[in-house]
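The letters A, B, C and D name the chains in turn, as written, and every chain counts its residues from 1.
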Amino acid sequence: MTLKMTAGELQAFMEREFPQVAEDFAIDRLAPMEIDLRLKVAERHLRPGGTVSGPSMFSLADCAIYLATLAMIGPQGLAVTTNGSIDFMRKPASGQDIVAKCRLLKLGRVLAVGDVLMFSAGMEQPVARASMTYSIPPR
Amino acid sequence: MTLKMTAGELQAFMEREFPQVAEDFAIDRLAPMEIDLRLKVAERHLRPGGTVSGPSMFSLADCAIYLATLAMIGPQGLAVTTNGSIDFMRKPASGQDIVAKCRLLKLGRVLAVGDVLMFSAGMEQPVARASMTYSIPPR
Amino acid sequence: MTLKMTAGELQAFMEREFPQVAEDFAIDRLAPMEIDLRLKVAERHLRPGGTVSGPSMFSLADCAIYLATLAMIGPQGLAVTTNGSIDFMRKPASGQDIVAKCRLLKLGRVLAVGDVLMFSAGMEQPVARASMTYSIPPR
Amino acid sequence: MTLKMTAGELQAFMEREFPQVAEDFAIDRLAPMEIDLRLKVAERHLRPGGTVSGPSMFSLADCAIYLATLAMIGPQGLAVTTNGSIDFMRKPASGQDIVAKCRLLKLGRVLAVGDVLMFSAGMEQPVARASMTYSIPPR
């Protein structure tokens, strides 16, 4: 399986289609069926005490699996999340970016499934784990 | 089981502790082990096409179960989400508020579990379903 | 929406297609988009201490949502579970049957989603909660 | 972190405490925070067509995370599953054993979280993915 989009093309797609959130994320690494996506933590992602909020981590996981899927199928059609599960395991380090290490486990004709481990920059243990299913529209 | 906080006290608690998100939500109804929480949809919750984003619905479900728990145990200590699962089932109606109908299924000594159905104002069928587990700190 | 199969037709379908598990289950009630399915607890479902095992409750939830779906679409094709989440909340009562109260939340062209509360006979509080997604093959 | 139990001790514990299911499973590999557990597929695990049933895979994942936890904390007390999510991604190969490759992502004072990829012997792509949370009783 080979990539149909480069990291730059994914970033441009995000800026064009999802301007509300595109500036939240940076692609650190892209490979077939894999992506490392970074949440550039800002004030709006924080909870009191300076830790990153749960919904911000959900958003990071969702976006990582979405981009990993698009990178494989190209920018065609509208994939939508049908299901997600997330475990919050540790308190994120205060004020640090969060990196999602994502792999696609399945890329089928109608469903894609990916999972993600999320890490605070500078922590060895994951702060959260998530998996999501995307429904891929007929091409 | 009886409520330890009123809707007004919950709203005030949210404004004090979570000023970043307090204005996103309104408590429509509160009863023992139950809450109806409304996401006051604004530009920042939307995806292209005007539908509410998945992470915004995750945030609504998370907040509903958190507030239902606090209403029963009081504003003491820091409950944290340990786990959540969510199913996105229908496209939310464009530009409408989303109402979460939440019930606590378990309120134990260390864990609380709740589930939620979410509806677009004016739609009869749920747009999403979620369940979350909260870890309750020792009192 | 109307039922395409009766409780008796569902039971007969199960005995023909899933003889390994058909005797585990009894349909207590069937309505459009709803089913009450009972796990007839036997030695093989138990853990030490006499409580029903987690996988037995997963199996009950899975079967309930499957049968609720078949009742609506008819015995055509092979629906398969693509995803499930389950919360175990209380210890089941020793040696009692478990009843799953299931509702279909979505019955789409390609995906069905249902959720379930499970109760020990004689307990008012649910022992477990589950939700599952089924992929429906093209008809 | 070091192991408190060997593979042989885990197997003996399972045979003593869970005689109903102990013969279903074999420990292929054990390391700190990791286990490879094999479901020795028999008639009772199958669905029509010879594929392994979903509940059997749920049971395998549940058992793998349980044993990985016990190996780290010792055979003391009664850990119970509080939550699980599972994605079924591919049809298992007919009549082949299923191997669960499990890692503990968190081993806290009160909660352990693990995830699992499951493979049919002779297939490179995972047939299923699961994650589970265990509640660990006070020691």
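The criterion applied here is as follows: a residue touches a chain if its C-beta (ideal position, glycine included) is under 8 Å from a C-beta of that chain, and two chains touch if they have at least 3 such contacts.
The shown structure was predicted, so the numbers you read here are calculated from the model rather than taken from an experiment.
**Student:** Check B-D against A-B and say which one is joined by more contacting C-beta pairs.
**Tutor:** A-B
**Student:** Per the centroid of Cα atoms for each chain, what is the distance between chain A and chain B, given in Å?
**Tutor:** That gives a centre separation of 23 Å.
**Student:** Could you work out how far the Cα centre of chain B sits from that of chain C, in whole Å?
**Tutor:** The computed centroid separation for chain B versus chain C comes out at 28 Å.
**Student:** So the centre of each chain is just the mean of its C-alpha atoms; given that, what is the distance between chain B and chain D in Å?
**Tutor:** A distance of 33 Å separates the two centres.
**Student:** Which chain B residues reach two or more other chains?
**Tutor:** Touching at least two other chains: 82-83, 85, 87, 89, 133.
**Student:** Which category does the touching pattern between chains fall into here: line, ring, star, complete, or other?
**Tutor:** Complete.
**Student:** Touching chain C in the complex: which residues of chain B?
**Tutor:** Result: residues 85, 87, 89-90, 105-106, 108, 113, 115, 117, 125-126, 129, 131, 133 of chain B touch chain C.
**Student:** Could you pull out which chain C residues touch chain D in their complex?
**Tutor:** Its residues touching chain D are 17-18, 20, 43-44, 46-48, 53-56, 58-59, 62, 80-89.
**Student:** Hey, which residues of chain A end up touching chain C in the complex?
**Tutor:** Those in contact with chain C are residues 82-83, 85, 110-111, 133, 135.
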